[in-house]
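Each of the two complexes below includes subunit A, the first together with subunit B, the second together with subunit C.
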Partner chain A sequence: MPAALIVAGIACICTATGGWGWLIARQLRRRPAELAAVQAALQALRTEIEYASTPLPDALRRAATAARGPAAALCRLAARHLEAGAGASAADAWSVALDQTDALSSWDTSDLAVLGQLGTALGASGTADQVRHIALCVGRLRAAEAEARGGAERQARMWLYLGVLAGAALVLVTL
Partner chain B sequence: MGVNADIIFQIAGLGILIVVVHSVIKAAGREELAWMVTLAGVTVVLWRVVTVVNDLFQAVRSVFHV
Partner chain C sequence: MSTSASHSADQGSAGFARSRPAFAGGVRAAEPEAQVLAYVGPRLRPLLQRLLLPGSGPRWLEIRLRLGRPLNVVTEDGDLWVGARGSGTPEEAVCCGSEDIERSVQLVTRASVYAWEDELAQGFCTLPGGHRAGLCGRVIRRGGRITGQKAFGSLNLRIARAVPGAADPLLPLLRRSGARPLPGIVLFGPPGCGKTTVLRDLCRQLSRGRPDWGIVPRRVAIVDERSEIAACVDGLPQFDLGARSDVIDGAPKAEGLPLLVRAFNPEVVACDEIGGPGDARALAEVARCGVAVLATAHARDAADLRARPTLRSALHTGAFDFAVPLRDDRTPGAVLPLTAHLPGSVPLRLAAHREGRACPLP
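This part shows the complex of A and B:
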């Protein structure tokens, strides 16, 4: 086999595994900021429910303006599904929106579980109960954010190196 | 003989790589993952060595018609 072809193959493998490591590192670096954004959105939602008694679709739309990225998309989609789905509950709309936002976000399964639990309380109980649920959810997300900020940079660097090194190991084993 | 020299260099390269990976993962504070990767590396190397030793035994058997 020509040497140039072998070198091209090695470069392809290392680029592919390096890219895979870079994708994981990017997710780890984005997660704290995205958790902060969803907390901001939920705080805005809480304000709308508690002080303005705004109907849920409008409250969700206003909460979307308080955040950016996937958090804004989540609120916007939930509002849209709530208005479009005749007879669909807020929990269903929230759940569908969460599923659609999952691909765009860097939230992990525990974050999604916390947000999913909040959906069951939205629009299904009184103001005080909804506010309590939102506060609980924000508290849990804040703890997750603090934990993510603690080791995010170290973990991200580890995955960057691991991507390239995994490629090198693959090349060594297959060569 | 050429094949044997190749496998020696391959195993040496894998050893160096495993040491680097172990220290990178350990520096990130995930020692259990570092040990798992090391164990996987040792398994791969052992598998290679066992294959070569098996070839050697086959050669000895065929030489002595055992």
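This part shows the complex of A and C:
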């Protein structure tokens, strides 16, 4: 087998595993910022509900402007589903929007579970209850963010190295 | 229909045509029935849409959804029972399921129970276009009073229409008033006879003025406690009330009346369903300021009006010069026919004094 082909093969393997490690590292680095963004959106949603009694579709649209990235997309999509005219409940609209946003976000399964739990209560009760549910959700997301910030950089670096080293190990085994 | 055509018809006393569109904030709106269909759940909506032939057939008054019972449309010609193949007998009609009601409630409340807490406690929500959704289910009571509802079993979508010219029979009372203060008028009658519709049209006509009757335009302030007169949505009146009207929405009359007199310097104030605690005091205060009062009251007849202590005290504040009964029955020799049939009454007649005056204050 020509040496050039072998080198190309090694490069391909290392790039693939290195890229895999880099993707995971990027997710880990993004997660705290995205958790902060979704908290900002939920705080804006709480303000709209508590002080202005803004109906949920409008409140979600305004909350979307207070955040960026997947948090904004989540609010915007939920508002769109609510306004589709099918009489979807807020829980259904939030759940569908969460599924659609999942691919764009760096939230892990525990974050999605917290957000999903909020969806079941959204819009279905009085102002005081809504505020309580949102505050609870924000509190849990804040704890998750603090935890993620603590270990994010260390874990991201580990996954970067792991990706490259996994590629090297695979090359050695193959050769 | 052009705007100018609508305007001229509004100014005159022409009857209400089937195809005449309602006004929503001065913009021509779609057929009221079509507006209300948007609040019916997606399974039942196409069935109703099939029955709705634009510009023909009887006008729809209500769409009623009752859990486990047939889908019902109340028209001015009677009940329609809606089935998969059109209208028929109640046995042939489609039954409303819990999901139909639940989805309709979600559409009415925009999936936001918290935004309608007070309205749900009272059992109705005002919708864009001035329509109303009546809701009843299992009430939630706290501290001995109803604070909300859940598990809805019935939904009544009431279709609202402005009736331009409905107040025309009252214009003789206001004729050639010029710049002088207007008389105070209380309209009374049983529920559903069109008191609010007439009051709304009276506000519109006074706000615009009627030069043909020697009535100059007036500043009209409206206390819309139940959001029925103007049906404001986000501050925008859903009915045409003329250019010189101001509305305080959802305010109790006892608080809203003095507020409007202080802040808006009105020549006329209008409010619906007087007779609550504190109303008499507020009305007396308004009357002392030289502001004319237009109001409605629930009462079967003049004797009933007299018999209710809260109404009686409100009527003797000096705020009213005329009490005008609105009745479904015909009173021989003493009726002025309204120029339009109002929803919910077939036919409605405005009973008045033989000389064209309203009956004297009881």
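We adopt the following convention: the second predicted complex is superposed on the first by the 174 of 175 C-alpha atoms of A that agree within 3 Å, B and C clash if a C-alpha of one lies under 4 Å from a C-alpha of the other, contacts with A are read in each partner's own complex, and residues count from 1 in each chain.
Definition applied: a contact is a pair of C-beta atoms (placed from the backbone, for glycine too) under 8 Å apart; a residue touches a chain by one contact, two chains touch by 3 or more.
Bear in mind that the values here come from a model prediction, so they are computed numbers and not experimental data.
Participant: Please indicate which partner A:155 is in contact with in the superposed arrangement: first for subunit B, second for subunit C, both, or neither.
Facilitator: Only subunit B is touched by A:155; subunit C is not.
Participant: Please indicate which partner A:103 is in contact with in the superposed arrangement: first for subunit B, second for subunit C, both, or neither.
Facilitator: Neither: A:103 stays clear of subunit B and subunit C.
Participant: See if subunit A has more residues touched by subunit B or by subunit C, and give me that chain.
Facilitator: Counting contacted residues of subunit A, the larger count belongs to C.
Participant: Under the stated touch criterion, which partner chain does A:5 make contact with: subunit B (first), subunit C (second), both, or neither?
Facilitator: After superposing on A, A:5 lies clear of both subunit B and subunit C.
Participant: Per the contact definition in the header, classify A:172: touching subunit B only (first), subunit C only (second), both, or neither.
Facilitator: A:172 sits against subunit B, while subunit C stays out of touch.
Participant: Residues of subunit A that sit at the subunit B interface in one complex and at the subunit C interface in the other, please.
Facilitator: none
Participant: For the complex, give me every residue of subunit B touching subunit A.
Facilitator: Touch list, subunit B to subunit A: 10, 13-14, 17-18, 20-21, 24-25, 27-30, 41, 44.
Participant: Which of the residues in subunit A come into contact with subunit C in the complex?
Facilitator: For subunit A paired with subunit C, touching residues are 49, 53-57, 59, 82, 85-90, 93, 123-127, 129-130.
Participant: In the complex formed with subunit B, which residues of subunit A make contact?
Facilitator: So the residues of subunit A in touch with subunit B come to 151, 154-155, 157-158, 161-162, 165, 168-169, 172-173, 175.
Participant: Which bits of subunit C are touching subunit A when the two form their complex?
Facilitator: Those in contact with subunit A are residues 38, 41-42, 102-104, 106-107, 109-115, 117, 147-148.
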